[in-house]
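Structures follow.
Across the two complexes that follow, subunit A remains constant while its partner is subunit B and subsequently subunit C.
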Partner chain A sequence: MAEIKWPSAANRGLIGKSISRIDGPWKSSGRAKYTYDQGPAGMLYAKLVTSPYAHAKVTAIDTSRAERLPGVRAIHIFTAVGKEVNWEGHEVVGVAADTEELAEDAARLIRVEYDPQPYLVADTDAQHAGPGRFREMSPRKTGDPEQALQQADVTSEGTYGQPVITHCCHEAHGSVAEWKGDELYVWISTQNVSGLSNEYASALNIPATNVHVDCQVMGGGFGSKFAADSWGVAAAAMARKAGRPVKLMLDREVELLSAGCRPSLHAKIRVGAKRDGTLIAWDSESWGTAGMSGGGVPQLPYIIQVPNSGHRHTSIFTNIGPARAWRAPNHPQMCFLTMAALDDLAAKLNMDSLDFFLKNVGLTGERAGVYKQQMLMAADMIGWKQKWHSRGDKTPGHIKRGLGLSFHTWAGGGHMGYCRTTIHPDGSVEVATGSQDLGTGTRTVIGIVAAETLGLPLDAVRVEIGNNKYPPDGASGGSTTVGGVSSSTRTSATTALNELFAKAAPSLGTTADKLEAVGGQIRVIGDPSKSIPWKKACAKLGTTPIVAMGQRNFSLISSGVGGVQMAEVAVDIDTGIVRMEKMVAVQDCGLIIDMKTAMSQVYGACIMGTCYALYEEKIMDQQTGTCLNPNMEFYKLSGLDDIGDITVHMMTEDSYQDRGVIGLGEPPVISPGAAISNAVANAIGVRVPELPITPDRVLAALGKGGLV
Partner chain B sequence: MADQDDLHHSTGSGEPGDDNSASDRESSKGFSRRQFIKGTGLAVSASVFVPDGLLKAAMPEETPGVSGPGEVPVRLRINGREHQLRLEPRVTLLDALRNRLDMTGAKKVCDRATCGACTVIMDGHPVYSCTVLAIDAQGKSIETIEGLAPEGKLHPVSQAFVDNDAQQCGFCTPGFVMAVKAFLDKHPHPTYDEVRASLGGNLCRCGTYMGIRKAALEAAAKMAGKGGRL
Partner chain C sequence: MRPFEYGNPSTVKQAISLLGSDWEQAAVLAGGTDLISLMKDYIDTPKRVVNIKSISALRGASEVNGGLRLGATTTFEDLFENPAPLRDFPSLRAAIDGIYSAQMRSMGTVGGDLLQRPRCWYYRNGFGLLALDSKGQSLVPHGDNRYHAIFGNAGPAYFVSPSSLAPPLVALGATLRIQGPKGERELPVAELFRIPRHTGEREHTIQPKEILTEILLPASARRLRNATYEVRERHFMDWPLATASVALRMEGRRVRQARVVLGQVAPIPWRAEGAERELAGKTLDEAVATRAGEAATVGAHPLSKNGYKVQLVRVAVKRALLAAIA
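Right, the complex of A and B next:
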């Protein structure tokens, strides 16, 4: 009888190896059909009319001209007369027509009148936000930070911040909805295949049983695609009205205006240490905006528990746009503020930043040993000791180089979910779960776990995900998917295998508990000569397949990881242009199922992190309340040549792998902003206090000090 | 095969001299795709490296005549096959491929010549198909990702993307594959630095550039039957 636990390192045939994602050929041949690519017969195209104002009351809507346009089939009112819109891009009316071009024409013919209202789009503190525009959170305090700051030998003070950024998923938010009678079929780009039925059901007044959701592949979510959203419901409503399928994908402008902001976070921070670098004091006053909602409460300092620390936070309510979870919510912001402030203190102490962080690593608590080991490894990988110099690269020329480091944690864990393994009498195997693959490799991980469990090659297992007809799985958020699906798959496949063992045991003259499945054989443990091929064993099932369910299993997973990243940058002090030349990332994520896609998560996170460190910002115009860069020319992402070399090391010692599976999506995206900012400060001798570190900010910082 | 001149002189469905085209009417409302396309070249060349051919393809040297505003016959040669369509002149090559021909490999992402997700190869040049009008693609040889290999087979570039995990969500991947293919057609033995410098016209959000660099070199080596220089 196979036990429900992970195989030991020596017995892993697939788990932990570097395996190409099983849906890779489907994607790289262009044949994968995303939501955006669906085109059921008779499909209409929908477009939106959105608010040009940051804040306004809708006073009139006239759709008559659009309705008279031949080929216009349905209109949907998102924001009725009398209701308010709260950001530029807020959806007001939708229209569905025979072609995409016609839908655009129809949208232009819809007249909406607004009564503009006062707005706030400045990413500012409470004092400047004005009454009714902020909420102070309960202060936190440990020890006596004021006294400790006075007793400190060296103190440092600074104001740091990072603006609102967006998700900018390549596949816009949206869906295609089709009715067959009173059954709703939707293709939707989502992180939450199994969790959308109720939202549709209640909005459309149908039973959840009638909602059929499909998402085989999706073009990025990063935390912004958990809901059907108003536009998802609208697509279904218009499809019902028109009696034809409707595709409603946000255009790029609305995608950037409405479909997700990461909250900003700014803080005035004071820190103090003893002469030997021992941290004793922290005090911070932070503020940030998550749009009109309060948003999360950041906890400062990040990771490091300074003995005397105080923190106060104020949420600012703005009309910048609605916040959504963005890969590792709050962590990149908290990490940047903390690591930047501490790195500035290290510089004032005239200490090597690595020595300073190593000196204080004990303040991180239970993971101190992990961070220390990772810092030393990362330092070795980047050549820290050889390349380190104190603040300001004194070598001649206008290109200045610097090093910076940061470290981070994330919980991971595993979401609740179910998996069903079916072993057919002909030997074929299907594993099915209503999960989704965001590009992280979920489909591949499920296949690897099932194949490993059943002793079969990967291509002998058919993996079915991305549809809510399969056993439900949780939403993919918080790096909880791999823990959820790997443990539910392992559990269901093991349970199914044990049933097969029971059928096969008599012919091997033994009992089920003495059998194992290895290399396509069912064999007697310790006596490999007594075996039967997989197919022959399955043939004993007669006509009835084995079907076994499994669910998330805490004995197979864990939570809490550590990671350290170091960056080397080159800054042109004439132009202010920063280049990320090299990054190293050392990361722990428990038992790794697929080394190849795990490494890709870390590479990708370093690159995405470089984007928010150097390029990304939702730029708002105070005079009009509108966003100046809702497009991809001016909402900047890095190109292929903007990224230097990245080296990734995954911790695979037994002490890490024995913990079981832990999620990896978020942790490595937390540190890049801090590591790069610290490297820039090291290069040019002065802190650029805001992210992204754009040329103008570099030059402005140099104007205040540093090398120039 | 009608060439462009034939097309522009033969499609007037309205009165002679009627230049009240749909795109011009659009412009009075503040946005004209045709005007936009004319203006895009500057923004692109200022912000990212774009091969010459791309700009030339996106910005025809001669100002086209007037077609439409209604549907006009359009013939496109895609992956060696002729397709006869009736399209409004404002329809982009990307929308023609995706909405009329169900060739959905090319993706709509930025829809204004920035991200490269819609890259196809036109007369040997990689172009942003979101910013090429379908009527202007007539008489050209258009390669899309669907034509790279028969279903069930992989082109060496696609294979290299799989082997090097040069894709995550995969939404930018077909565009990148076509950009790499067009690049390798012209530069079969690229150096690492050439790969880096030449693939700046496509954007990935998941961060797969490390894999794409390796994939381009590996595909070059496989296609040339010898090693790319690293």
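Right, the complex of A and C next:
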């Protein structure tokens, strides 16, 4: 009998190997159809009329001219007369028409009148925000930070911050909705295939059983695609009205304006240490905006529990757009503030930053040993001891190099979910779960676990995901997907296998508990000469396949990971331009199912982190209340040549892998901003206190000190 | 996009006959990389679009009287693939190489590059070229002007001229051939650009019924030491933050005459005459280049958020000069 646990390291055939995505060729050849590519017969195209104001009351809507345009089939009101819009780009009316161009023309014919209201799009300071525009969160305090700051031998003080950024998924939000009688079929770019039926059902007044959701492939979500959203419901509503399928994909501008912001976070921080580097005091006053919602309350300091610490936070309510979870919500911001402030203290102590963080690693609690090991590994990989210099690269020339480090944690357990394994009498195998592959490799991971469990090659297993007709799986948030699906798959495949063992045992003259499945054979444990091929064993099923369910299984998963990243940058001190030259990422994520897709997550995170460290910002104009860069020209991301060398190391010792599977999507994106910022400070001798580290800020910081 | 008529003439004459007396009537379509975006965003709404890419005479690079002729619809890719005609003009080559996106290279034309409209985000977001509010005040001085002008910005224009080719062409003394209903005229590249004084005025002096046909570099320009330095924040899909193009008439190591032209810092390609004077008669070395860079910043009036560009000018000029004599 196969047990529901992971195979030991010696017995892993596929798990932990570097395996290419099973849907790679399908995607790279263009055969994979994204939501955007769907085009059921008779499909209409929908466009939105959105608010040009940051805050206004809708006072009139006139759709008559649009309705008279031939080819316009349905109108949907998002924001009725009398209701308010709270950011530029807020959806007001939708229109569906025969062609995309027609829909756009029709949208322009819709007249919306507004009564503009006071707005705020700047998050620079809470006092300035005015009454009703901010909320002070209850302060936290441990020990006596003020006294500790006075007793400290060395203190450092600074104000640091990072702006609101957006998700920038390659694929915009949106869906295609089609009705067949009372049944709704939607293709939607979503992180939550199994969880959308209720939202549609209650909005459209149909039973959840009538909602069919499909998402085979998607171009990223990063936390912004958990819901059907108003525009998803609108597509379905317009399709019902028009009696034809409707496609409603946000265009890039509305995507940047309305589909989600990562909250900003700024803080004034004071820290203090003893002469030997022992950290004793922390005090911080932070503020930031999550749009009109309060957002999460950031906890400072991050990871490191300073014995005497105090923190106060103020949320500012702005019309900057709606906040949505952004890959590791709050962590990148908290991490940057903490690591930057502490690195500045290390510099004041005249300590090598690595030595400083090692010295205080005990304050991180249970993962101290992990961080220590990872810091030493990363240091080795980047050549820290050879390359490190005190603040300010003193070598001649205008290019200055520096090193910086940061570390992070994330929980990432496994979400609840079910998987169904079917073994057919002809030997073919299907595993099905209503999960989704955001581009992370989920489909491949499920296939690997099933194939490993059944002793089959990967291509012998058919993986079905991305549709809510399959057993439900949780939303892909919080890095919980791999834990959820790997454990439900392992459980269901093991259960199915045990049923097969029971059928095959008599012909091998033994009982099910003496069998194992290896290399396409069912064989007697300890006596490989006694075996039958997989297909022959399955033939014994007669006409009825084996169907076995499995669900998330806590004995196969765990939570809580650690990671350390180090960055090397080159800064042109005459122009202020920063290049990320090299990043080293050492990451733990428990048992690794697919080394290749796991490492890809870390590479991607380092790239995404470089983008927010150096380029990204949702730039708002307080005069007009509008966003100045809702496009990929001025909302800057890195191109290939802007990315330096990235080296990833995954922790694979038994002590890590024995913990079971833990999620990885979020943790590696937490540290890049801090590591790069610290590297820049090390290079030029002065902190650039804000992200992104743009040339103007570098030159401004240099103007206040540092090397020039 | 507003519906439009499409003309596809095969001669310049035909093309001109299809154009209108104001910009609303008709627009010239070259690679379309800028025009189409402007039309999609309803910033330009011509009733007719006249494609000039079917006019074969307008495309190609050739030597004429010892100088260089670039047809207006020559693409960046044409020159990138076959840079031989640019051999004496590294300043131009650097500008072309800097335009990094494959799509831009294969579609964008040299004429379109000179005539592309400013990237000012107020303009591109629908607030008009001069970004005036309801009271007729520009939004730029009190808004986010990190990418705006530091020279020639007395107002109401604060945008920057986006063309990468303009600074080297002005520095090299290139001229343009422009054809209109009344025939052909030739003008120095510098005179294609102007700082608009009111909403009715464009930043180019070309008229709605005219077509830019050729860019001409005189034979004498081949003897100029020339270079361009672009300060680029990213390699990827971006315009430079500031550039400097220099063209130097040398006598041994001594500069007899210098042209220094800045890009991305003023509504027009900006002649840094202070730097030119600083260089005249000097033996060019690092110290002189540094002083010229400093001189290039004289007269800069940074706005609230673009003071850093002054430093970028300093550096770009110095580096372009050192590249020219390297």
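The rule is simple: the second predicted complex is superposed on the first by the 708 of 708 C-alpha atoms of A that agree within 3 Å, B and C clash if a C-alpha of one lies under 4 Å from a C-alpha of the other, contacts with A are read in each partner's own complex, and residues count from 1 in each chain.
Here is the rule we use: contacts are C-beta pairs under 8 Å (C-beta built on N, C-alpha and C of every residue); 3 or more make two chains touch, one makes a residue touch a chain.
Values in this document were obtained by computation on a predicted structure and should not be read as measured data.
When the two complexes are overlaid on their common chain A, residue A:521 makes contact with neither subunit B nor subunit C. Taking subunit B and subunit C in turn and counting the residues of subunit A each one touches, the greater count comes from B. Of the two partner chains placed by the overlay, only subunit B lies in contact with A:99; subunit C stays clear of it.
Of the two partner chains, both subunit B and subunit C are touched by A:639. After overlaying the two complexes on the shared chain, residue contacts for A:170 are found with subunit B alone; subunit C is out of touch.
Residue contacts after overlaying the shared chain place A:230 against neither subunit B nor subunit C. Within the superposed three-chain model, A:700 lies in touch with subunit C and out of touch with subunit B [touch as defined at top].
Residues 101, 108, 631-633, 637-642 of subunit A contact both subunit B in one complex and subunit C in the other. Across the complex, subunit A meets subunit B through its residues 20-21, 23-25, 27-34, 36-37, 39, 45, 99-101, 105, 108, 168-172, 217-220, 222, 249, 251-252, 438-441, 596-597, 599-600, 603-608, 631-633, 637-643, 646. Residues 22, 26, 29, 43-44, 47-49, 88, 90-91, 95, 98-99, 102, 104-112, 114-115, 117, 144-146, 148-149, 151, 154-155, 157-159, 161-163, 165-174, 177, 196-197, 199-213 of subunit B are the ones touching subunit A in the complex. Per the touch definition, subunit C reaches subunit A in the complex via residues 1, 42, 100, 119, 121-122, 124-125, 127, 133, 139, 142-144, 146-147, 231-238, 241, 305-308, 311-312, 314-315.
Within the complex formed with subunit C, the residues of subunit A that make contact are 101, 104, 108, 574-577, 615, 619, 621, 623-624, 626, 628-634, 636-642, 694-696, 699-700.
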